[in-house]
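For clarity, chains are labelled A, B and C in written order, and residue numbers in each chain start from 1.
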């Protein structure tokens, strides 16, 4: 496990240093603030999917959940003029409900997670488009919207979710604080509670865990609920960050970023492995790659290509490290 | 019988180790053309490992291996097949959805112009099916055949690849009496045609009937060879166990107390048509014997709540239980050390500590927070009392030997202080030393008043350990035998479907 | 031990960003030639043609310019522009994806550098100038093309990627107004027919706009929309494609239904398939915005603002070109040249 974090950490530092050497402007405060902000936004989702991946499952619906949550939040705030905190509550409740639904379908109706969440991906995306007639919308009410009366409160929320807090000359984006809190909570949950232990156990061997008297179904449902909940928080953060929600596009593809970060961060898609910190650093690496490509001035058409290669190499390197460690351990034993 | 000429196949001083286990400590074996050699030994003696090396599944670490006087070292199953050696697996490897001809030639289909040459394939398949006495049409779908016939198809498949040596790993473990007889006929036939067979079995009766020669392994070493008249029950057991039976199973007779487990008219989902009844008293060790597939494991799983009963009642200490998942069973004081240890008993990639504490975590937790002190205590107690040989409590379970893994399973259950301990094939894949420790432990727990119910396919284990035994046959309990009625004959009689004659 | 290690890693990662950020503050640019960014709203051959104009202007005015194409909407657009700001760019020309809601961010950009909009406007923002086609007028011209294609009138259907974009709505309205003989509207105050209105017709007009279908930039959907239209409206006379890929999709669908010539196609922009069809007589005509002019004029404008000139007007109108059989040859030649040039960038 040590090696896992170390590998991804070295990758982070390497890209960081190389970019800074090619373009020193990379290091300016504005760019660092942006990097922290984007990394935090994506890391929240990645953290969520890590729970599911640890149990050996998969959630493909994250991006659509982000989109739907952002849409519903915007409708509540802007068009319905709802009390802002209730709107936040409703959207989070929606994400919890979605996760619960996934969990129940997977454990009780025995549908494969891939299928359940793939259908989720389609359904939530189209729900978002249908609710808005596929028109762009944003959480901040403009003049003439029903929510305009709450403008002050909503701007307060905007600050909470996408503001910046000055620390000396540095403006810390608030999503970083969200990420920090969620990170600590997730790490404690996974390492210090019996439920975290159960998630790892069931990811490694579901049958064996069930034979030990653990309610594996309930634990799996919990993992999906957490995953969607984190996606819901990310949806709110994204909505306020962009101030613009496009029902067809907001969140599209994000499940893949999240899964990529989880895998690059040391989660195994076979389940049973993963660390909070690895996932967060990996999410930062992905955003860093995007930023570096722009800062170095590489054609933006190459973004996906470079990202894909880095993830692939990262995972191969990781696999290689693990094998070396296992071989050493085996050699010590024999 | 078989003409004994210079050995077709010969291995000398073969060694093989796995992480944590020295599986073969230098074994030797020779096989003449047209010879049936029985290879026997307790579980964990190294038979399967040697067979895998001979068949090219895995390489040896060191040692000589010659085929027809020529040194070989196989890198794959194909290498072995090229030299005429084929392994008939314990678990059959046929494709159930394909017909017999396709199965026989799977991967070696005759082609013409890039397409499968069906007529040739069928004609050739016919030839080999006839060779093993199968008169079914080659278009028959393999999955529709009973196990015994599928095995014959496997043999035909091996012969079609010009096999000169067949390695059969417990071929009769899931066959009926009649199927067994057919198989014996085929084996004897093949011997006449100059094909050699290495025959691995636990059934000493079969060995006596079939083998020209017997090689006995014990603990990864040669324990001795027997030929001709020397092949009898006593000689074989002595070589296998290394001492007299009574010494190995150090069994005292205990006073049995009140009824702990009472199973009444229970139907398992595996055999919904038959209902089962049995009881186990405190301080009693009860065995369940029978052939593989007789429904023994399924019965234990039903009692443990894995596959809930369709009908009937299960009581623990007089209390009626609705067992629909393992949680309920564990709460009622039932524990199961399952047959498939790696799949059901342990979480292999996790540590000794995490495995041992898994069932008791919740009991010891404080509102969901892990209780490190309690967890360490449970682990230390288990490691100490089970004598688990592990460098640290953080060692990953995968890297421990089978015996130590089984001890972890037992350790984690003993931390739950069960009233009824069920063991499914408790000593499968375990070396002799650990085996003895597990028997001693069963003995000790029974002495302390625990009720123990175990399933075993090893005749000696049932004979040596059980106060009483139920024998199962095709999903039903064919009979119940008290300690003084227990014998290899009486068990086999019931296990193969004859009612007890006494 | 493990936890200590993890915490160290976490702390180091964070401080890496934090102190790096505190250290190198300030976004002043030191290079001699001004550097600009040309930010599109997505990836499309249209933007490659614009890039050609950017390249021409780069040489002509002695500036350097990065062309950025955000692959996935608002998020990528924001991210890329932020990176440009971090680089200390001297000016940005952008085609905003969601103008209204992006306004706060665009204003943030305005505070740090010169911002102009092109192709699509963000009227509520502080951008200095908008360079664009009058999409309403262009729509009316397209309506004119339809009229000349089916002078006897009939059913017309409109195909478009998305109607969230103002330019798409304006184009559509131009077509509708022209066909229904409505009076010319002012670009700033165009009144729109509802997005899902069907069977629009008017007295004194021979034309019925039966429906408007969107495909959300999914080319396969665009084609199946056209196919569905032919199934649903047997008397359809003309298909109007408002986004570059729409007309070729329509032509494809019509060809497969063996209705070439029966159903006319009028389009927007200049995809090769459409130009070929115009040459072959399978499509009637198209309105070209001459994308290279976008790139060229944007850089020219940025350069002049950079040098201290204030634009005379908030709106710089680019002329569009009506292409039909009469001028297809020379137009296509020019386009080929521009496509070649754009790719090199």
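Simple rule for what comes next: contacts are C-beta pairs under 8 Å (C-beta built on N, C-alpha and C of every residue); 3 or more make two chains touch, one makes a residue touch a chain.
All values derive from a computational prediction rather than experimental measurement.
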Among line, ring, star, complete and other, the chain touch graph is line
Report the most central chain, judged by the distance from each chain's C-alpha mean to the global C-alpha mean.
A
Mind checking the centre-to-centre distance between chain B and chain C? Centres are C-alpha means, answer in whole Å.
71
Between the Cα centroids of chain A and chain C the separation in whole angstrom comes to 32
Chain A and chain B have mean C-alpha positions lying a whole-number Å distance apart equal to 46
Listed in rising order, chain C residues that touch chain A in their complex are 2, 5-6, 9-10, 12-13, 16-18, 20-27, 43, 66, 68-75, 78-80, 82-88, 97-98, 100-105, 162-164, 195-196, 214, 216
Which chain A residues qualify as touching chain B in the complex?
192-195, 197-198, 200-201, 204-205, 207-215, 272-273, 329-330, 333-334
Chain C partner contacts - residues on chain A that touch it in the complex:
1-2, 5-6, 9, 12-13, 16, 20, 23-36, 38, 133-138, 140, 142, 168-170, 238, 242-246, 248-250, 252-253, 275, 277, 280-281, 284, 290-291, 294-295, 297, 300-301, 303-304
Going by the contact rule at the top, pick out the chain B residues touching chain A in the complex.
17-20, 304, 306, 325-327, 329-331, 336, 338, 343-350, 354, 358-359, 361-362, 365, 368-370, 396, 399, 412
